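Before any comments, here is the structure.
For clarity, chains are labelled A, B, C, D, E, F and G in written order, and residue numbers in each chain start from 1.
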C-alpha cells in the first residue's frame, strides 16, 4: 500500500485499512521504539527488571527519569515509550494492585494485572476520540503461590508472558542476545548479569552507569529490591572484565 | 468499483457503499485472515477446538499466545484475528456464561451465547465512533441436553452453526480439507485427527509442535479438557506416519 | 446527477441530495437486494413465508442461516439483506411481540408490530452517527380477530401491507410472477405452491432443496408451523412435475 | 450561486449559505415534491382531505399506502413526501392530540396542533446531527368552537392556514386550479368535488380510482368520515361527466 | 478577502475569520433581509409595530403569515427573516414574559426581555452544532413605569433600543425615511402614519392592503391593540391622498 | 508561515500551529480591534472609564450601545469588540460580583474578578466545539481597602493590571498617547481629561459628543458615577480650547 | 517527513504520526519557547525561582505579568509559555496544595504535586476535543522532611526533577550556563546569583531590572519569600560589577 493510500486510513483508531491493519496502533509502536530500552528476565528465584534512562542534562535527577516502579511488595513494572503515557499506565497498574490488596487482602497475580492493564489499552484502540497509548510495560512479580512471572504489554492491548524480553529502543538487538544466552535455571544474580550484558550489546560502555541504568529484582525471597548505585557500578564493571 | 470510489465509503462503520457494502466490516475480515488459523470439529462425542499459535520468540511462553479458552465446564472458545480484539470478545463470552450460571444455576447454551456475542459485534458495525471487532470466535460446547454444538462468529456479527469450520489464516485451504474428509459419525478422537490433518494441509510439518498447536476437547462425557504437550506431540507424530 | 455530485451527498443519513433523495437509504436497499430472496403470500387460511438460504459450505448447519423466525404462536418473520442487521430487527420484533403478550395477555397485531419495527428503522435514517439497517422483513401472522395479515418493511422505514410480496435478490422477477398468478381465494396449500413456483422462476431447480429453501405457514387454524425437510422435498418435486 | 459554491453550504442543517439560505431545508422541499399530491379544502361545513396513493404493485393493499389519517374525532391529517418521515410526523401529531384529550378532556385545536408539529420540524433544521423532515402535512379539523380549520406544515417548520391548498407532486398545477375555482361558501360536498377536480387536472382519468384516491371529510356535524370505495368511484365518475 | 479564503471560515458558528468576522452570523443577517419588512416607531403615547405580509397565494389566511404577536397586555413583537426561526424566538419571548408575570405578578420590562432573547441568540453563535437564528425581532411595549420602549434584536445577539427602526427586506430605504421624518413628540396616531408612509417608500401602493399589512399599537393607555382591516384600509387610503 | 499553511491550523481553538500559535485567539483579537475604543485610567482618587459608541443611526438610543456598565457600587466595566460577546462577559462579571456580595457581604476585589472572567475566556480557547470570545473588558474599581485598581482582559484569557490602557479600535495610537502623558499623581478629574485627550488623538473632534462618548468614574469617595451629557459636552469643549 | 506529510498528522492530540510523534505536543513546546524564561535552582538551603517578565507597555503593572506564584508557605511555582494556559495550571497546582493542607493538615510534597499537575496535562494530550497546555511550570519547595526539591513539567505531561533548570525562551543558552556553573553545595544566596547570571547570559543588561525580573526563594528556614525591587536592583548591580 503506498503512502497516499495509507494516509486514507491512518488517522483514527476506529478505522481498519483495506488490508486489515490499524495504523494508529502501529504508529504507537513506533513511539515505543523511540524511547530507551527496558529489559525483563525471569529466573528461578525471581524476576529482574532493568531500565535504561536517557539523561537530557547532567542537572537532571536520575530518579526522575526512572522507568522502574514498585507496584507492591512482590510486583514491579518497567516502561518504554512516550513517558507521559507510560506514567499513566503505571499509575493504573498500581491502583489495580492496591485495590486488590485492599479488597482481598492479597496482591493481584501478575497475569490478572497484565490483563487489566491491556483491557484499558485495547479500549483506547477501538473507541474514537482518543489515541492509543504510546507506551509498553513489563510487569514482573511473584504470584501468591511463589511463582515468578513476567508479562509485557504492547500498544494494541495484547498481554504476553515471557521468560526474557526487551521493549523500547534497540529491542531487536537486545532480544536476540537474550534468546541466545537465556537459560531456564538462571539464578537471580545471573539474571541481572544477563540483562546488563544484553543492554551492553546495544549501548556503548561509557554510556552505561548508575545514572543511566536502573536494576530492580522482585525475588521470591525478599520481594522488590532496587540495586544501589554502587551495586550497579560494580556489576557494570564486571561486564567490562568479562568482555575482555 | 475502483479504488478512488471505494475510498469514498470505506472510512466509517456507519456508511453503505453505493453497491450496498460496508467496507470497514470487510476490512475487519482481512484482519481475521491475517492471524493464525483456528479449527472446530463437531463429533458425536463432543466438540474439538484446535488453535495455531504464532510464537514470535522462543522466549515467549506458549500459553500466553493461547487461542483456546475455557468459558465453563462444557464450553470453550477458539479465536482468530487481531489478538487484543479477540481477548475482549472472549472475556465478554465468559462473562455471559458465568452470569447465566450465577442467575439460572446452569450454563448458557451454545447458540444463545453465540447470539449474545454477535449482538455486541453487530452494534460495533452500525454505531459510529468505533470500529468493528477484527476477530472471529469459534464457540464449542455441550448443551444442557447433552448435544454437542459448534458456532462461528464473524466481524459482521453473524452467528453460524457448523459441523466443522476454520477461521483465520489459510481458512480456505483448511475448510476445503474439512469438507472433503468430514463424516457425521466421527468419534472425538477422530475429530482431533481430522482437525490436525486439516491444519497440516496449510502448514509445514516442522512448524507444528506442542508450542504452536493447542488442542481442546469439550466432551459430553468429561467436559473441557486440554491436551498435554505430550499428547499433542504424539498426535502430530501419528499424522506424519499416516502421511507416508 | 453524476457520480461526483452524488458523492457529495451520499455519506450521511442526515443529508438530503439536491433532488430530495437520501442516498444512504438507497444504498441500504442495494444491501437488501444482495441477499437471497424471501417471499410472503397471504391466503384465506393464513400466511405463507418462504425463505431461500445460501449455504456457503456443506458443513454449515442449514438452520443457522435460516431466515424464517417464529415471533409468537401466530406471528412469523422472514428477512432479506445484511444478515447481522436482519437478526437485530427480528430480535426487536420478537421483543415487541413478547412484551405485548406479557403486558396485555395477547399478541400484538401484525400492523402494529410492523409500525413499531419501522419506527426503529426510520430513526436510523434521520439521526446522525449511525447507518440505516441494510435489511427488510416480512411480518406475517394472524390477528386476534382471525384475520391473516402480511407486511413488508424497507430500509427507509415504511411498512406496507401486501397480498403477496418478495424481498431480497431477484425481487423483481419473483414479484412479477406473484402478480400474474396470485388469486384472492388461495388456500394455504396453494399459497405454498405459489411461493415455491415464484421462487423457482429465479432459481435453477438443482439449487432448490430442503437445505436451501425454508417454508413456514402461519395459519388461522394451527398457528406457526415449519414444513419438514421431507415436506419441502415433496413440494419441490411437485413443482418439477407441474413444470413439465 | 453556482453548483460548486452551493455544495460548500448544502451539507448541514446548521449552515446558512452566503445568501442566507438553508439548502438542506430546500432539498427537503424537493423530497416533498417527489411524492404524490394531497389536497385540503375548507368549507363552511367542514374540511375535505384528499390523498393520492401510488400503488407500486397491484398486490399491495391500498390502505397501507394511505396518506389520510384520523387523529381524533374531529381532526385529520394528510401527508406528502418521504413516507417514513411523514409517518413519524403523523404519529407525533396523534400523540399530541391524544395527550391533550387525556389531560384536558377535549381535543387540541387545529392551530395549536400545527404549531406543535412545526416546532418539532424547526428543531430538526437548526440542531446539527440530524436532517430535516422530508415531508409536509395538512392538518384539518373542527375546533371546539365548531370552526373548520385547515393548516399546512412545510420542511422549514412554518405552519400556514389555508382555505384550500395542495402539497406534494404537481402542487403548482393543483394549487392554481384551487385558486381559480375556490369559493368561500362551498358545502362539504362541493369541497369534495373541487378537490377531486383539482386532482384530475394533474392526473390522467384512468389513473384515478378508489385504490389511488382517498377522500376524508372532517365535518362540523359528523366528524371524521372516510368515503367508501363506491362513493369515490361514483364521485370520480361524476367528474368525467362534468368534464364532457 | 476573496471567495475561496472566505469559504475557509464561513462554515461554523465557532470560527472567526482572520479579519475577526463570524461569517455564519453575517449570512444569517442575509436571511433576515430576504424576508418582508417590519417597522417599529416609538411615540409619546406608546409603540407602533407594522408588519408586511407576503401572501404566496390568495387562498392563504392572512393571519397565518402574521408577523405581529401579542406577548402580554403591554408587550408586542414584530419579526423579520426566516419564518420558522422567528416563530421560535417569539415563542421564547412569550414564555419569558409569561414566566415573569407568574413569578413576580407583573410583566417583564422591555429591555430585560430584549436581553434575555439576545442571550439565547448569542449562545447559538458561539456554541458549535447549531446555526444562528436567521431572524430579527422588534420588541415594543410599555414598561411598568409607563414608559414606551422599542428594542430590536439581530442575529449576532445584540439588543439595541430605537426611536424608530426597520428590520427585514428594504431595511435601508425604510430606515432612511424614518430618520428623515421622525419627531420626538409624535402621537400614537402620527406614529402609525409615519410607519405606513415609510413602508410605502419601498412598496408599490397596489401591494399594500389589509391582507399584506398589519398594524398594532401598544399604548400607555389601552395596551396591545390590533388595527382592523377597515382601519388599515382607511389609513392606507389617507396615505394615497397625502401623496398627491 | 504562508496563507495556505496558516489555514491548516486556524480553524479550531483546540489546535496549535507548528510555531506554537493559536490562530483563532489571534483572529478574536482582530474582532476586538474592529470595535470602537474603550479607555481606562487609574488615578489616586479612583478609576476613569471612557467608552466610544458607534451610532449606526440617529434614531438609535445612545444608551443601548453603551459600553460602560456598573457592576456594583465600586466596580465598573468597559468593553470593546464583538458586542454580543462583550455583553455575555459583562453579564458574567456582574453575576460574579453580585454572588460575592450575597455570599460574603462585600464586593469581590477587582483582581479576583478579572481572574474569574479570564478563567471563562481561557476555557473557550482550549475546549473544542466553541469559539473564543471576540471581546475584551476593562474592569475598574476600588478594592475594599480603598485602593483603585484597573485590569484588562484579552481574548486569550490573560488578565493584566494597568495604570492606563486602551482596548479596541485605534488601540495603538491611544495607548501611545497615554504612555506619553500619564502621571502617577493624577486626580480623578485629570484622569478624565487624559482619557478624553487620548481618545481625541484617534477621532475627529466633530465625531466626539455626548452621544458617542461615555465617561464613568469609580471613585474612592463616591463610587460609580456616570457623567451627564452636559458634563461630557463641557469636558470635550475644554479639550478644543486646550488644543488651540 | 516533509511538510505535507506532517500536516496529515498534526491536527489532533489524538493522533500519532507514522514515526510515533504527537505533533500537537511538539507545537505546544514551541508555544513554551515563545514566552520569556523562568529559572529554578536547588540549593542546600532551599529553592530559588527566577522569572523574566515581558512588559508590553510602561503603563502595565509589573506584578500582573508576574510569573512566580506562591502556592503555600513552602511551595512556589514559576511558569513559561502561553500565559493564560500557565495561569490555569498554577491555579490547579494551588488547589491541589490547599486541598491537601485542608484534608491532611500538611502541605503536599513537591513530587506528588508535580505528578498531579502532569496527570492533568497528559489527559489533554490524549483525549480529543481539546488542545495540550502550551505552558510549562517549575515547582519548587521544601518537603515536610526539610528537603528542597525542584520539578519541571512539560507539555507532554512528564514531570522531571532537577538541580537547576530553565524553561521558556532562550532555554538552551541558560541551561548550558547552569550546567557549567552549578555546584551541589550552593547556598541560597549563591543560588540567586547563579540564576541571575544565567539569565544575564541571554538578555542584555539594560533589559534586566526590578520590573522585568522577579526572584523568589523557598527556604528550609523562612519559607516563601519574594525579593524586593531594591534587593533585585542591588543583585543585578553586583552582576555587572562581577562581569567587569
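Everything that follows uses one rule, which is that a contact is a pair of C-beta atoms (placed from the backbone, for glycine too) under 8 Å apart; a residue touches a chain by one contact, two chains touch by 3 or more.
Predicted model only: the values in this text are computed from it and were never measured.
Homomeric contact chain E/chain F: same residue numbering on both sides for under half of the interface positions.
Least-squares overlay of CA atoms from chain B onto chain E yields a rotation of 155° to the nearest 5.
Mean C-alpha position of chain B lies 31 Å from that of chain C.
Chain A and chain F have centres, each the mean of its CA atoms, that are 55 Å apart.
Chain C and chain F have CA centres that are 69 Å apart. Multi-chain contact residues, meaning those touching two or more other chains, occur in chain F at positions 13, 128-129. Touching chain A in their complex are the following residues of chain G: 5, 8-9, 12-22, 115, 118-119, 121-122, 125-129, 151, 156-165, 175, 178-179, 182. Contact residues of chain B toward chain A in the complex are 3, 6-7, 10-11, 13, 23-24, 27-34, 57-61, 63-65, 82-85, 87-88, 91, 124, 128-134.
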